[in-house]
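This structure is in structure tokens; I'll ask about it shortly.
Order of writing sets the labels: A, B, C, D, E and F. Residues in every chain begin at 1.
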Amino acid sequence: MPYVNIKITREGATVEQKELLIAGVTNLLKDVLGKNPATTVVVIDEVDTDNWGIGGERVTVRRERGQ
Amino acid sequence: MPYVNIKITREGATVEQKELLIAGVTNLLKDVLGKNPATTVVVIDEVDTDNWGIGGERVTVRRERGQ
Amino acid sequence: MPYVNIKITREGATVEQKELLIAGVTNLLKDVLGKNPATTVVVIDEVDTDNWGIGGERVTVRRERGQ
Amino acid sequence: MPYVNIKITREGATVEQKELLIAGVTNLLKDVLGKNPATTVVVIDEVDTDNWGIGGERVTVRRERGQ
Amino acid sequence: MPYVNIKITREGATVEQKELLIAGVTNLLKDVLGKNPATTVVVIDEVDTDNWGIGGERVTVRRERGQ
Amino acid sequence: MPYVNIKITREGATVEQKELLIAGVTNLLKDVLGKNPATTVVVIDEVDTDNWGIGGERVTVRRERGQ
């Protein structure tokens, strides 16, 4: 029954990577807390780098500097 | 003043259906808790089926199996 | 499979009122979008009135003015 | 280390406006609570006006009325 | 820089279990997407079973039936 | 109409500090995007340091090290 929301910048995550995230988080909740995978929900949000800020600036700017 | 966030998979919800969700949730909060509709906010997020996991797999995979 | 998050101020919602919210939202999603109630998740967050702002001020202050 | 999520309707916010929001919120948390800007995260979600409801109706409808 | 929110029912998760969730999710994001653990944020919300609904009813009711 | 959610660790934020956050964010959205303060909602979540992870560990552990 857990609900997990993963927010990452939109920078080309593949379907295979999303599958690994979904399966990995679901297994983690089963292993650590005994949660039933059948009702574990995982939602991945991909956010434009212009809309994600850290250190007071857009991620786009950091990427342009190579960070 | 309530804030309601509805997350559904992006599978063709129409404008009319969204109106019914917005009006329905707003009325529910008025009827049950006496909340003022004028300041009740409802935000609907439509999530790609590749980005929504349940049972450890993507919804896309479940849809392909007819689930 | 929908996920709904309802945020309200913590002002004494009863268990019966929470049941009505959970059942009401679940039915609404079934009626409007055909969503399966068995996997519809509703999470209610009750937020202290000091931690909820509208119009630039805490709800606590509005309540003291009778709003 | 704070995490701030700003949800607004998608109505043409520019990159410069997003920069002002990110910098402004980050500075506010530093000034008020002494939070370290280096680990302050700000995520801006832009929501279609058909998916945002207030007063029981879509924002799109309000905009058509000039509100 | 990812942000992960894990919502579970409040049913006695220990500090050690929370550590395993935080470390596990952080490692998963590093392994799958190469994300930097230093800026990966994980927030765990524990929700009262009266405030969590699935199948149109409170989790409290399900627990009383042994589910 | 914006909705802003501020998540911070629960480490003694005062009512006055919460007021400054609420007023500050509301003014920022008015100044940058022309948003109406009357319908701007700000919700502050205070999260236990055991439930907040960064760098793969609980904030509690970092605080014990003086970070």
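Note that in this section contacts are C-beta pairs under 8 Å (C-beta built on N, C-alpha and C of every residue); 3 or more make two chains touch, one makes a residue touch a chain.
If you want to know which protein each chain is, UniProt gives these names: A, B, C, D, E, F = Tautomerase.
Here the structure is a predicted model, which means the values were calculated and not measured.
**Q** Tell me, which chains sit next to both subunit B and subunit F?
**A** For subunit B paired with subunit F, the chains in contact with each are C, D, in label order.
**Q** Can you check whether subunit A and subunit D touch via the same residue numbers (shared by over half) or via different ones?
**A** Since fewer than half of the residue numbers are used by both chains, the interface counts as different.
**Q** I'd like to know which pair from B-F, A-C or C-F copies the C-E interface, where a copy means over half of the contact pairs are the same by residue number.
**A** Duplicate interface of C-E: C-F.
**Q** Could you see whether B-D or A-E has the larger number of C-beta contact pairs?
**A** Of B-D and A-E, more C-beta pairs in contact link A-E.
**Q** So the centre of each chain is just the mean of its C-alpha atoms; given that, what is the distance between subunit B and subunit C in Å?
**A** Measuring from centre to centre gives 14 Å for this pair.
**Q** Starting from the mean Cα coordinates of subunit D and subunit E, work out the distance between those two points in Å.
**A** Using C-alpha averages as centres, the distance is 26 Å.
**Q** Measure off the straight-line distance from the CA centroid of subunit A to the CA centroid of subunit F, and report it in whole Å.
**A** From the centre of subunit A to the centre of subunit F is 21 Å.
**Q** For subunit B, what residues touch not just one other chain but two or more?
**A** Residue numbers touching two or more other chains: 1, 3, 7, 21, 25, 39, 41, 43, 52, 54.
**Q** Check the chains against each other and report every pair that touches.
**A** So the chains that touch one another pair up as A-B, A-C, A-D, A-E, B-C, B-D, B-F, C-E, C-F, D-E, D-F, E-F.
**Q** Would you pull the subunit C residues touching subunit B in the complex into a rising list?
**A** Listed in rising order, the residues of subunit C that touch subunit B are 1-9, 13, 17, 20-21, 24-25, 28-29, 32-33, 35, 39, 52, 54, 59.
**Q** Can you name the residues of subunit F that touch subunit B in the complex?
**A** Its residues touching subunit B are 1, 3, 39, 41, 43.
**Q** Would you mind writing out the residues of subunit B in touch with subunit A in their complex?
**A** 7, 47, 50-58, 60
**Q** Would you mind writing out the residues of subunit A in touch with subunit B in their complex?
**A** Where subunit A meets subunit B, its residues are 15, 18-19, 21-23, 25-27, 37-46.
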